[in-house]
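Heads up, there are several structures right after this.
Common to both upcoming complexes is chain A, partnered first by chain B, then by chain C.
Here is the complex of A and B:
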């Protein structure tokens, strides 16, 4: 039977292809495509008393011009994303380099650093809320023990420290993931290139900057983009640790969307949907710009 | 012969299948979604009401699904707009959106309201219609440790109410003695941090003006309001609250008060008993814990120092999309019998919206209940917690400012008043 009569080039009929694709397509359409389209639809409507009124771009205008909490949330998310992404990838790379040179206990260290990645945000959040507790939290206890009681803080209760405290927790959870990915990439580097650099009396720092990092560039860019997207959508950790407080100092766009949708005692999903749409567009734009800026023009082959 | 027997067998099978189908057709499953899965006494009561309904309505099966509050609310918010959800579900009075969006039906003609206190019914009455059956009631109380108060050399007046100056003095004395004066934590709730300031505002302003304040009709820059904020600021600056106020959770704050490290006072709804009156190994207070109840302090030049907040907690509503509304109402009526009300008090150790008639308290907590009832004498009640009344931006501002940042010492009086006005006052 020819391909034109319903058989693919590898011999499967269109019916068979459709049969295998259908379950995944149905799930995708029901749980991804429909919610996305529905969110766009909601964003231009006002829902009130079981009716919906088309309001055009009014929700978007209100968000951009009359909502100080939204802008506070944008500022917090941006800070978290920029600082967190750089620290995440840089930290992971440094840890991977440490392990790459094969220090003693490198295997247990790898397991220890990677373990937080396997824990859920809920568990991580609860553990760190305890660690940060003013009275009995380990951090303040250690500070007191070291005679540095003057530095003890209500880490999550002070607007000046709360966002950074959450960021440290996030780093603790994700450093291990970046470390493992970088370590795998390091082990995949061609030994002859590194060997050649050593034969040329290339110092370790020069080897890192001029040989290793350029060859790791695709991996690092992927990590940066993944980390960036993850942080732009940050919700669970903040929700568990601070709920966006104190005084909106840890409010992220995602926690704000949730509050507007579910905590404000309205069934109006229009406004929070508009925030979600706006934020999604911004994430896509940022990722596109970031990928373009970081993309290497010359493809490195090894 | 064989053919005839086979025919009879076939007829019997058909008849049996037919009867089974008919029986199935008559069987009805009433679905109930409830919060408070972790409160055994309340679970037992609601299960008992289900059994009572099943007994009086053969063929009816009541299926209760137990949730935690957040999970329940999320499930309802998805199910109700889609015309789905259970026949009956748990609601609290701040969830007026179910009414405004038409997701629950009026119960005026469906419930035997003679069994429910009028004030509690009023909480659920909107535009002349009553939308939910109130089950749980509570008052805001100021619990204290008698032993610690005596150690500080203070004596509770006969009225059980200190003046605002005396109260400030006690807070200072407690802090000087390295005792946490007021145990409170806002780590996981939107309201505990505002107990002191809320009750002080109620006493200072009186029922009417306090209601206006919460409804955006009175400015937070009103001098009386500013005076209250200033007094609370003095308490905060005197170290009234624990240092871990911001992260301490509700359950932990109970433990903090009656176990470790201990505190002089603990403002809390009278649902305090749900966590405290359980065995010590399950996180309850020791049987010999010297608990007392005092009135919240009397404010200077107050409009109503005998005022206090009463609120309705657990309530149940009927889904407007339910196909079994009469049965759903019958289940609610089973929850609201005087017998169930009495059983509530005796097993949950908490007030109820259900009329029970005279109740004889006995057992280890009889003294506690006597004192709780004593604190209600002569009280004028304001119905509803601020979080039950506020909505939208005002509620969010209340949670961030009056519940957290202001008692947490992060804001000045001016900043707090200004921020509250921006969020709530409809000038």
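Here is the complex of A and C:
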């Protein structure tokens, strides 16, 4: 059985290796690689009744030059991603610091804070649709109770607030995740560094900016990238809470792709595929540039 | 150290932490309360305790509102996908972590690349492909799509763990005349059980909550998974808040049970990829 070529059990017969890898590679080839290639193929075609016509880069040109909804979606996604990513990582770090100083009940609290991470977008989205309800949603109820009835809003129904309302929900769901990751990184910091900063009579804010954040840099960069990717592809929460409305105020690139493919009854998969390709390439480029820029600068060793 | 800690520990911090705890946990308790009340009661006062508790809401939801059908569909799809991805992924991870062969790096790169591919790049043509194979609108089709989406992460976690198992174990097994498959089945899997368990629970939760693939690949009511079923019910009975809340509780219940039993494993597992 074994090809014992002096490598002990590190070696194995070709048949064994093939048997172990074949199922994974077949699934990968059939349901990951093939769909990706086919999406690229679709993106340069126009779908007719039963055939596809090769149109070259026309889909891409149309998207970039004469599709205002696409650009609206890009603007929304960009706003959501930039504000959301920063808020996500900073918020998670602050929450982690709160727990790091070891307040009473910190263990049960972090378990509760993590709960929204585990719940589906459908659960989270519907709960927040209710919380934002104009008549009986908790947010307006509290505003009225505080005598701030002038500020009550149809939070998801007003194009000016809808995107921000969805963003708050998204933060609420993911802050716990960022908090846990930052907390783990904080606990991994060497104690003597924090102690030295203490001796230097460093204020807590200075300590945060000059000691803690630089030392957590690799973790924070990871979180930035993860949060960035998640938000650039945002679909579920928007689809559940607003469906992209009102007036395209929460339309994201992903919801627009879905609508063009399945809701517009054009049965053209070419155009939405082109958007998907364009956007995915953008994401990969951005992530590559981001990691390059953020990682290459002076690495801290400890 | 003690000074600023002592300062921070005081009331404002604790008050803030308790407030945030209420903000994150409160909405779930609110839904739990609503799930035991009738819609007229809720519309009368949404923020009251469920007295008397209408436990029969759940029977109603399960049968009349078809949440039972959706629940079973979810269970079938998710359990089959998790079993399959665990087996396939563990085999690949065992092979990549244990054996030296020429295409090792290439195979690993190919399989793990699945982690960075945006779903939007696959979902539209996956719809076409499943349609061609007669798998569109079937639980089997959704399940196999799920296996593909979770494969990379599963291999990644398992390979990292399997690689740390001591080589001596495998040398000894080889001496005892174990075949490669026996080594996988009787050494790697049992010893790697903690990691296998983590991937099983993680994949279960991720797929139980999955929405994008489901909404693209399933349109028939009899095949809907729970997230789709609840959205569908919400679409046609938007004002029936009580029944929707009951549905949300049904959909959350398996996760609540898992989280109550394995909270630390889950927290560690979910964040494993991001901690450096």
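FYI, the second predicted complex is superposed on the first by the 290 of 302 C-alpha atoms of A that agree within 3 Å, B and C clash if a C-alpha of one lies under 4 Å from a C-alpha of the other, contacts with A are read in each partner's own complex, and residues count from 1 in each chain.
Please note the rule applied: a contact is a pair of C-beta atoms (placed from the backbone, for glycine too) under 8 Å apart; a residue touches a chain by one contact, two chains touch by 3 or more.
Predicted, not measured: the structure shown is a model, and the values here were computed from it.
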Check: Mind checking chain B and chain C on superposed chain A, clash or fit?
Finding: clash
Item checked: First, second, both or neither for A:154, with chain B first and chain C second -> first
Check: Thinking of the overlay built on chain A, is A:247 touched by chain B (first), by chain C (second), by both, or by neither?
Finding: first
Next item on the list: Check whether A:187 is in contact with chain B, with chain C, with both or with neither, and answer first, second, both or neither.
Entry: neither
Notebook entry, point to check: In the superposed arrangement, which partner chain does A:262 touch: chain B (first), chain C (second), both, or neither?
Noted result: both
Check: Which holds for A:132: it touches chain B only (first), chain C only (second), both, or neither?
Finding: first
Notebook entry, point to check: Which of the two, chain B or chain C, is in touch with more residues of chain A?
Noted result: C
Note to self: Just checking: does A:176 make contact with chain B only, chain C only, both, or neither of them? Give me first, second, both or neither.
What the structure shows: second
Checklist line | Partner chain in contact with A:144 - chain B first, chain C second, else both or neither | finding: neither
Item checked: chain C collision site on chain B, chosen from 8-16, 62-70 or 314-322, when both complexes are overlaid on chain A -> 62-70
Item checked: Footprint overlap on chain A, comparing chain B with chain C -> 136, 262
Item checked: Residues of chain A touching chain B in the complex -> 48-50, 69, 129, 132-137, 154, 156-159, 243, 245-248, 259, 262-267
Item checked: Parts of chain A lying in touch with chain C, wherever the complex brings them together -> 1-2, 7-14, 16-17, 19-21, 23-25, 27-28, 30-36, 38-39, 42, 95, 98-99, 101-106, 109-123, 126-128, 130-131, 136, 138, 141, 172, 176-177, 180-181, 184-185, 194-195, 198, 204, 218-219, 222-223, 226, 229, 233, 235-236, 239-240, 254, 257-258, 261-262, 269, 272-273, 276-277, 279-280, 283-284
Check: How about chain C: which of its residues touch chain A in the complex?
Finding: 1, 4-5, 8-9, 13-14, 16-17, 20-21, 23-25, 27-28, 30-31, 43, 46-47, 87-89, 91-92, 94-96, 98-101, 107, 110-111, 114, 116-129, 144-145, 147-148, 151, 155, 167, 170-171, 173-174, 179-181, 183-184, 205, 208-212, 215-216, 226-227, 230-231, 234, 241, 244, 248, 251-252, 255, 259, 263, 266-267, 270-271, 273-276
Notebook entry, point to check: Which positions of chain B touch chain A when the two form their complex?
Noted result: 73-74, 77, 81, 94-97, 100-103, 187-188, 242-248, 261, 391-393, 395-396, 399-401, 404-405, 408, 410-411
